[in-house]
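Both of the next two complexes hold subunit A, though its partner changes from subunit B to subunit C.
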Partner chain A sequence: MPSQNKNGLKVWQKRTARESIFHWVLWLIGIMIFTYCWQQISKSTTWFFVWDAPRIATDLWTRATPPKWEYISQLGKPIWDTLNIATLGTIFALIIAVPVAFLAARNTTPSRFLIRPFALLIIVSTRSINSLIWALLLIAIIGPGVFAGVIAIAIRSIGFCAKLLYEAIEEIDETQVEAITATGASRWQVMVYGIVPQILPAFAGIAVFRWDINIRESTVLGLVGAGGIGLQLSSSLNVLAWPQVSLILIVILIAVVISEWVSAKVRGAII
Partner chain B sequence: MNTDIFNVQVKIGKPWKKPPFVQSNLLRWVLITGFVIYLIAAYMTIDVNWSRVYEGLERGKKFVLAFTNPDFTSRSSDIWEGMIESILMTVASSVVGILISIPIALGAARNVSPLPVYLICRGIIAISRALQEIIVAILLVAIFGFGPLAGFLTLSFATIGFLSKLLAEDIESMDKVQAEAIKASGAKWTQWINYGVQPQVMPRLIGLSIYRVDINFRESAILGLVGAGGIGATLNTAFDRYEYDTAAAILLIIIVIVMALEYLSGIVRARVQ
Partner chain C sequence: MLKLDKLVKTYKTGDQALKEVDIDVPQGQVLALIGPSGAGKSTLIRCINRLVEPTSGKVYLDDIELTSLSSGSLRRERRRMGMIFQEYALIERLTVMENVLSGRLGYVGFWRSFLRKFPQSDIDEAYRLLDRVGLAHMADKRADELSGGQRQRVGICRALIQNPALLLVDEPTASLDPKTSRQIMRLICELCRERELAAIINIHDVALAQMFVQRVVGLRFGAVQFDGPPEGLTPDVLTMIYGEEDWEATIESVDDEDDLVTL
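Let's look at the complex of A and B:
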């Protein structure tokens, strides 16, 4: 135990002298990096606008309140579109994610050196790019609209669902699989009766969890033109109709809270 | 003879059938029919312009091919600047976000803080989690003007909600015995937190922080779409001008950095846990 002599008394210390120097150096480097980053950010900031910010914020607030409640009659279709983007996107993603997950899991993949890296590549590349970027890309390819949003959400969700699912597959109880194999079952029968029942609760949980995230993401996809309530948001922003913007933000907040509540309830029922 | 065969069937019992996932018969059928009706309704309301999609496939092929031949050079200064800005925003916002979220997490843990503080901190977390990054960015750009400052503030704000919530849950599920032992030695409140609580949640805090750095980088890539700084603006321009090879280069850089961060976080988390 590290200790220090103080007037003949041994006093307990958390770290040895070398350890504490090492820690101080680490902290110093960290602070230096942060200061550098902050300097760069502040260099490319117009500080006049920042000092002016409180006035602008109060100005925005007075413009945005009260929300234009009657505008809600025009929001029905966009909300329905948003729900469709999230739900259909999740369904498409799951259809593709299931085979990818089986190819990526160590214990079910047909080939560890050829197919598994390929499946992992699909997972990483779809996961690391945000759905808004996928939407941008798909709008350039297949044109603006709800369909582009559905596909963007689907692609983004493949990696997420497949990753969680293949981790669940790798954690299954092997003895059950062995028992099914011992009855003389074929490869497919082993999968259906040995593996699938074990991962079904995880699968349902992942699906609902991702659906909840997708509701959030699909509310803003419209900003780049991919349909849903974001489309109304961006057109209201463009014409500076702040009362409409505040109403749309309230609607989005309510949608997010409801979807989170639903997903928590369903996951609670499954697990 | 025939009746004998039937008897055998009765004796060995019914053949086994797989039990359904949803136990209740009625609920299962309601769920299935509801789902089918929803699918039909959803399909009816989405009007897909198939000829436009078909035309677009050619461009899609071009984009996929661009990945085999990404163009890092012709817009290298734009890419470089955007990337640096994204990384600066990520680092600065992660540091600030983590520093702010630690006291809020302490406040949001019911076993550490009194009820009024708990409610305030939970309120902050709820607001931060409910608001989307991109929406916060739009508002902050309107208030603070274009540039990385708005992005930095957005990411810090989002970090608070994420990190405080998970950290507070970890503090709430900590081992009471250790914390009590420190308290029994006559420690002050700060000492109690420092020696009784902090060592227990430190591995989780480090793991979550690194995970959040990863998320912040990914989010910083899109904040540029609304003018909040970072690589997103460059990417948007590349798509608008149909410069798929430049876009592919940017996407590849993002994927590589995210992979590197994920690999790094795996190593760090394995070491601290």
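Let's look at the complex of A and C:
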């Protein structure tokens, strides 16, 4: 108890003596674990390579600069593909995520014991696998190319969008739903009037946020052959064409900055 | 017109919110339901239009028994019961007009309501009602731009456009300042008189209730403790409903206000 009575004097401390000893012991254990882990990592590291790192890095830097600017003429199409993969993937994902979110939200699901777990399973399973892995699987199934990339991005995004959306649905103001129900409106009318207006800002925010993430994710999909600028990146890496690699990285950086700016603008406009 | 017959509501937690409540409301009567917080006032109102399912007992609206209706016929009967809420319960992101028209949802098909293609007669009636409550110029404003009193007026329009026979009013003034509270209560009671509507008004403010209504029902622990005219609310009765307190001031102030009104 922080409040104590000592000889008629009321004393207050944040912790009692026992509690502060317990705290110190916890800290001690924490530090011991940290030192032990540090030693283990140190043992399994080949320190020669680490000490060598600055030299290799400067070597790479001199090879990669200046970027091969004229290579830009071949990057227009791939970066356009990348943008399309991200945008189409996001749209497809939203088309599936919206119904899944309504099935998963506690206050709108038709059945808590049958349908809700199923919807949650869709959310968890699509979310837990990285889009790069989805792309590898899909290339095996539908062959390499942009389409595999679109589907990979779409599947990966379903869980993310549905999860955020169903949380937004669960946080709505129920009295507005009550008010619409009390007018004698049908289930679907209650949804359109009582729920949709309340989640619309969240929906728009989620959509542009995911689109922004997908632009970044789709840049690497080409590494496994799913189209976009990653394809150029991997072929340049394979032939050790470092000036091309550096130009590709610059282009990706610019694309990501622009997408981030757009999504910040859109979200700012909604909220 | 409205008849509650041994209405009981027991929540899953075991709390008995209503204990065999019998109330009979004739057409055109405005009834105030008073009682301490947790007495079951809100539950009672919601059991009538089955936003809360009653555990047992019957509710008759005219000759139709509401507690046994299927969901389709319940929706049809809900159109005859307008509801007004404490926190207005407007759809904040829709316009005033859309909010008022949402009172017609029970009469309009899904696609028409989805596309906001309401019949012209509904739109005329919406404008008429907004004009009646003094908000005709606000029709295209978003609901969240309005002040509390204005929002409650929109809530009243939404209930009235249903063309109801009965109004269920849940703490209409609890979020409003004293002056606006009176205006809103006066408006509700006037509209009930104009349209011969019965109304059940949950209200905390005993003095305000006494000013406007013809009949008061006092609820305590889910049971009716008092049922009679507002003049019957003596200190003893109020003690019975709310518990021990000095009630003279409350009743005194009502007399003063009555004088002011007649002046």
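By definition in this document, the second predicted complex is superposed on the first by the 223 of 271 C-alpha atoms of A that agree within 3 Å, B and C clash if a C-alpha of one lies under 4 Å from a C-alpha of the other, contacts with A are read in each partner's own complex, and residues count from 1 in each chain.
Assume contacts are C-beta pairs under 8 Å (C-beta built on N, C-alpha and C of every residue); 3 or more make two chains touch, one makes a residue touch a chain.
Given the structure is predicted, the values throughout are model-derived calculations rather than measurements.
Of the two partner chains, subunit C is the only one that A:G184 touches; subunit B does not reach it.
In the superposition on chain A, A:A53 makes contact with subunit B only, while subunit C stays out of contact range. When the two structures are aligned on the shared chain, A:T175 is found in touch with subunit C, with no touch to subunit B. Of the two partners subunit B and subunit C, more residues of subunit A are touched by B. Once the two complexes are laid over each other on the shared chain, residue contacts for A:S128 go to subunit B alone; subunit C is not touched. Contact with both subunit B and subunit C is seen for A:L200 once the two complexes are overlaid on the shared chain.
Shared interface residues of subunit A (contacting subunit B in one complex, subunit C in the other): 193, 200. Listing the residues of subunit B that touch subunit A in their complex gives 18, 21, 38, 42, 45-49, 52-53, 56-57, 59-60, 63, 84-85, 88-89, 91-92, 95, 130-132, 134-135, 138-139, 142-145, 147-149, 152, 218-219, 221-222, 225-226, 229, 232, 235-236, 239-240, 242, 247, 251, 254-255, 258-259, 262. Residue ranges on subunit A touching subunit C, taken from their complex, read 173, 175-176, 178-186, 188-189, 192-194, 197-198, 200-201. Of all residues in subunit C, only 49, 51, 75-79, 81-83, 85, 87, 89-94, 102-107, 110, 113-114, 155, 158, 162, 168 touch subunit A in the complex they form.
Remark: subunit A residues 30, 33-34, 37-38, 40-42, 44-46, 49-50, 53, 56-57, 60, 77, 80-81, 84, 87-88, 124-125, 127-130, 132-133, 136-137, 140-143, 145-147, 150, 193, 200, 204, 216-217, 219-220, 223-224, 233, 237, 249, 252-253, 256-257 touch subunit B in the complex.
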